[in-house]
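By written order: A, B, C and D. Residues from 1 in each chain.
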Amino acid sequence: MLKDYINEKRQKKDILLMTHIVIGYPNIQTSYEIIDSMVKAGVDLIELQIPFSEPMADGPVILHANQKALANGITVQECMEFAENIAQKYDIPFLFMSYYNILFKYGLKTFISKMKEIGLYGAIVPDIPPEEGEEYISLMKKNNLAPIYIFSPSTTDDRMKFVQAQSDGFIYSVARKGVTGANTEFSQDLDEYIERCNKSTDLPIALGFGVKSKEDIEYLSGKVDIAVIGSEIIRIIDNGKLSDIEKFIKQIGISK
Amino acid sequence: MLKDYINEKRQKKDILLMTHIVIGYPNIQTSYEIIDSMVKAGVDLIELQIPFSEPMADGPVILHANQKALANGITVQECMEFAENIAQKYDIPFLFMSYYNILFKYGLKTFISKMKEIGLYGAIVPDIPPEEGEEYISLMKKNNLAPIYIFSPSTTDDRMKFVQAQSDGFIYSVARKGVTGANTEFSQDLDEYIERCNKSTDLPIALGFGVKSKEDIEYLSGKVDIAVIGSEIIRIIDNGKLSDIEKFIKQIGISK
Amino acid sequence: MQKGKYYGKFGGCYIPEILVATFEELIDEFNKIKNDKQFQEDYQNLMSTFSCRPTPLYFAENLTKHFNGAKIYIKREDLNHTGSHKLNNVMGQGLLIKRMGKTRVIAETGAGQHGVATATMAAKFGLDCTIYMGEVDVMRQRPNVFWMEQLGATVVPVCEGSRTLKDAINEAFRDWVANMDDTHYALGTACGPAPFPEMVTFFQSIIGKETHKQIINFENKLPTKVFACVGGGSNAMGIFSGFLDDKEVELVGVEAGGNGIETAQHAARLASDDASIGIAQGYKTYFLQNSDGQMNETHSVAAGLDYVGVSPILSNLSETGRVRFEAINDEEAIEALSLAVKKEGIVPAMESAHAFGQAFKEAKNSSSDEIIIINQSGRGDKDIFTIADAFKDEKWEKFIKFKAEGYNA
Amino acid sequence: MQKGKYYGKFGGCYIPEILVATFEELIDEFNKIKNDKQFQEDYQNLMSTFSCRPTPLYFAENLTKHFNGAKIYIKREDLNHTGSHKLNNVMGQGLLIKRMGKTRVIAETGAGQHGVATATMAAKFGLDCTIYMGEVDVMRQRPNVFWMEQLGATVVPVCEGSRTLKDAINEAFRDWVANMDDTHYALGTACGPAPFPEMVTFFQSIIGKETHKQIINFENKLPTKVFACVGGGSNAMGIFSGFLDDKEVELVGVEAGGNGIETAQHAARLASDDASIGIAQGYKTYFLQNSDGQMNETHSVAAGLDYVGVSPILSNLSETGRVRFEAINDEEAIEALSLAVKKEGIVPAMESAHAFGQAFKEAKNSSSDEIIIINQSGRGDKDIFTIADAFKDEKWEKFIKFKAEGYNA
């Protein structure tokens, strides 16, 4: 159903926008406000990152946000409540993003049922490759939740086919090597890679890692289905004015 | 002739007194004054130590005196001149005390001729054992100078016989193990050792290392021929008043 | 990609997609060399001239007499070039790097021994080298940082999280996912995603193979017990490998008891009840974590033992009962170190001192026909600042103040 | 007593009378063990488990390529337990001490390596131990002082004279003449009164014996040149011993050029014209002394080379032309050290770095069928403060200041 939502929205927009927050950063109250700004600004999907103490795939910006949120005492339970509240309040799809240990310690089955129950659409878990994720994938699918898998520039064509078969909703395509938050060069290399991604799957493609300006999104528009903005929004939060978020998203957003 | 002098003097005194200075300590002028005090106080023989940078057999007091004298720039040539001046001025035997390198670097033959020429009676060189000292001994004896050798508590009876045969003038008998300047216990052990010394040679015996009071000298009186006072006099110099030297020697001296 | 290798329920390969190709290449290369006689020969030649393998097995006569119990032998990994067993693993991975044609190596380090070993290997093999080290560890193992830099490595202090080993591992992975084309991540212990636990154990098993031969040679029988400290588990797996099939040999892994396992300040994953199974840093094992799955702060005087996870192979051997786990706390380790120094004239690393501590406890109550082997994984030179502080050595403090004044002038 | 052994016109036994009986006993005991197969076996067993003998001979491929001249091999005495060749001598003397039934050992030390080795031996053999060390050396080799104390030794800083090695030797003799009944003075180098030059050479010759075998094994021919640094001369005599009879092997002793042999701040006794024959510290050799026979101040960045005298055996080999002597100054040594670290991942002691420096100079201009062996007498861990200062390492300074602040608080 996530896939359907995306395809439908894409009828109206050349490219969708997915944004990202770390739940509890800088604090839970502000997290509510950030979501509110994002939805108001017209964001199409939102990743809710449950903080983890060892966010191996994240760069410094998101890493610090994880640590700060944890230092403030955020718990997985509170993240669930937060997700439940906003999923009920707003009419766009919310996804969890976290590391596998969070799901595992909660109890994989319980965690996934809970996701379903509170109305999330799926999850992005960067450290559970499909080979290790059999149980996770099957439970997600059984619950009509999208286990969103990842393509990277080093993923071979063959492997893309294998990975997309495990995935659902969309493919999260990382634009380059490295962790979140660094610069990406939007150049011809990227185009070739995006083409490879599109060729290997019927799922929509979300492109993330380093997307942060109107130009970036214009560049991607028509090439992928979703542009993902992660670290850049945290940078805006860090610079102080919450109201800038709505301004920023509106400024970079494209409507058909 | 040193031996004769000692035997003669011993007719008049139960025990003779040999004192010691480090030439140039605390400075050459004071060295003259110290000698003057000593002779006036009735000392029977005097050891003149030519400073050496590595006085391995000396304890801290004499070691420092060596270093100070050298730091003041004393040279072997100046020591020779000093020795010559006092040997001409005073009517008691003067001996050189030093380490072998001083003689060796001066030129053994030249050094010994010079000693003869300036009127010294002999030398005490603690780091030239008779086995290594053939040339030294023969040159000394040829010049009628006494190569004064040493007995120690660890010297066996057999070796005492061997050593005394190389020696002349007297035997310098060290009272105990260790270096100059530490305390010696004047006890029965010492008596036995002194008896061994006396038995093994016809040469007079001078006992040194740790002699420093009237009681010590009274104890030794009649047992050895000469009491040697070394570090104690430097301690007196260090404590400041030169006039104390004469007082000290007179106070501890014994006349028949 | 294949599913990562498991040991019972532990292990696996939980890596981000970007690394999949890199791991495939690595596993492939590792499989090639595993049974390659020529590689083995090259490796052993290297270790016998660049280091001093076989390292001796030393009969600690004085300690044996002191405890008046079991005969105590010590495997002398401290004599290795760079001062610990870490070199065994690193030189093996170095040969792999050359085969894969990579030009840069990165590593995490806790005690700094793995960092020094990696920097050394990089110097010898002409590789660029970056070492990640928790800021806390940079402070307590400063001499090793100095040597890494002299060897030409860049040492990056990691100021995230608990600023110790686990955080250095995270940072190394962050570097790797950006640079895997020319870069190999030489993980320093028998942890992390497959094939690392197996591969590191494979290279370290030279310790156990030698020890087995040596003890038979000396005593014509097997030891009663073998003790090794357990940080990530590489030196322990190294020596245990030689005796795993000899069921009569009791294997004892010694973890860091820190301020005591009854406090929260320790790093005893298998010897305490505080750890639970989790998945982090690419593998599944027992972690010291809270009920949410967030990793706890750990504590040990020994930087190399101050880690939240533990080799999945050891987690399994703990569950099967093949290896017994104990904890030695900071104070006991320092005491054991001091005793070893004074009685035998050997200076164990703070890490190794934990194995000594437990062995000493058990030696007392054993009979004289028992044989104990302790793996001395490293030497204590690197720990001079830690040991001086533990003993509150006034002369050392005076010296440091004097040096500081010189620098301030 | 016999006259002390001479090498040409050098050597002898210039000792005070009080030590004669002690030397007789020592010479007697030494003569007994010299050809005693059982002793040799005990000694070799000890050195192969307490240390890691035979130490490797290592082919330095990168340095060889770098200089594009002779093949460079390195004898790895740095891998010895306690970090230098000094242990070879000390353990031999330790076995002698046990035979003589003495209960206390004293030693001088310059670099601290001989002090650490002696303290280690004392710990192992259960002896009381006092180490004399010049105050200047205490400052520049502080880590070694710390370890000696941990090993249970009393370290006495010597504040007399130039406060370096020669003064420590004097103080050790002063102790010995007071305590020879229960005390052995384990002289650390091939100097001093007979039988020390011969005895120390005897124990160190294990280096040369191994090296001879190893190079024949690797290359099936003898080396062209062998380089060793020369403080007192023990590591040099150790390795040279293996090649003295092979006339085609050129032996090169490398002394400390300090600030340059054209200045007065050096310790080149045989490589400069500044020394002359003298008798001090119990033996006859070349000394850096003035025309009165007073010893000069010497200077070297390497505490272990900072000495006025030199082995009488080497003085003789210099006069006969069998050994060539060269000087490497402070800066060149530090540069050579840095190059060895970066190119090969080995860390020579400051002393050994002098041998490296000279070998590097000559390697450049040799042909590829020549073979050079460098004796790496020790490892540089002990030199961390010296090297950090030489490189003006800011991070190190910052760290030291931080530690000092902690101590001041």
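Note that a contact is a pair of C-beta atoms (placed from the backbone, for glycine too) under 8 Å apart; a residue touches a chain by one contact, two chains touch by 3 or more.
Fair warning: this is a prediction, and the values are worked out from it, not measured in the lab.
Asker: Figure out the least number of contact steps between chain B and chain D, where 1 means they touch directly.
Answerer: 1
Asker: If every chain is reduced to the average of its C-alpha atoms, which one ends up farthest from chain B?
Answerer: A
Asker: From the mean C-alpha coordinate of chain C to that of chain D, what's the distance rounded to whole Å?
Answerer: 33
Asker: Just the number, please: Cα centre separation of chain A and chain D in whole Å.
Answerer: 65
Asker: Roughly how many whole angstrom separate the Cα centroids of chain A and chain B?
Answerer: 97
Asker: Note the residues in chain B that touch 2 or more other chains, in rising order.
Answerer: As it turns out, chain B has no residue touching two or more other chains.
Asker: Counting only chain pairs that touch, give me the topology of the graph as line, ring, star, complete or other.
Answerer: Topology of the interface graph: linear, an open chain of contacts.
Asker: Which chains are in touch, pair by pair?
Answerer: A-C, B-D, C-D
Asker: Give the list of chain A residues in touch with chain C in this complex.
Answerer: 51-57, 59, 63-64, 67, 70, 75-76, 99-102, 104-106, 126-129, 131-132, 149-156, 159, 163, 174, 177-179, 182
Asker: Considering the complex alone, what residue numbers of chain C touch chain A?
Answerer: The contact residues of chain C facing chain A are 1-4, 12-22, 160-161, 166, 170, 173-174, 177-181, 276, 278-282, 287, 289, 291-295.
Asker: Under the touch definition given earlier, write down the residues of chain C that touch chain D in their complex.
Answerer: Residues in contact with chain D: 48-52, 55-59, 62, 76, 79, 81, 83, 119-124, 126, 139, 142-143, 145-147, 149-152, 338, 341-347, 381, 384-385, 387-388, 391, 393, 395-397, 399-405, 407-408.
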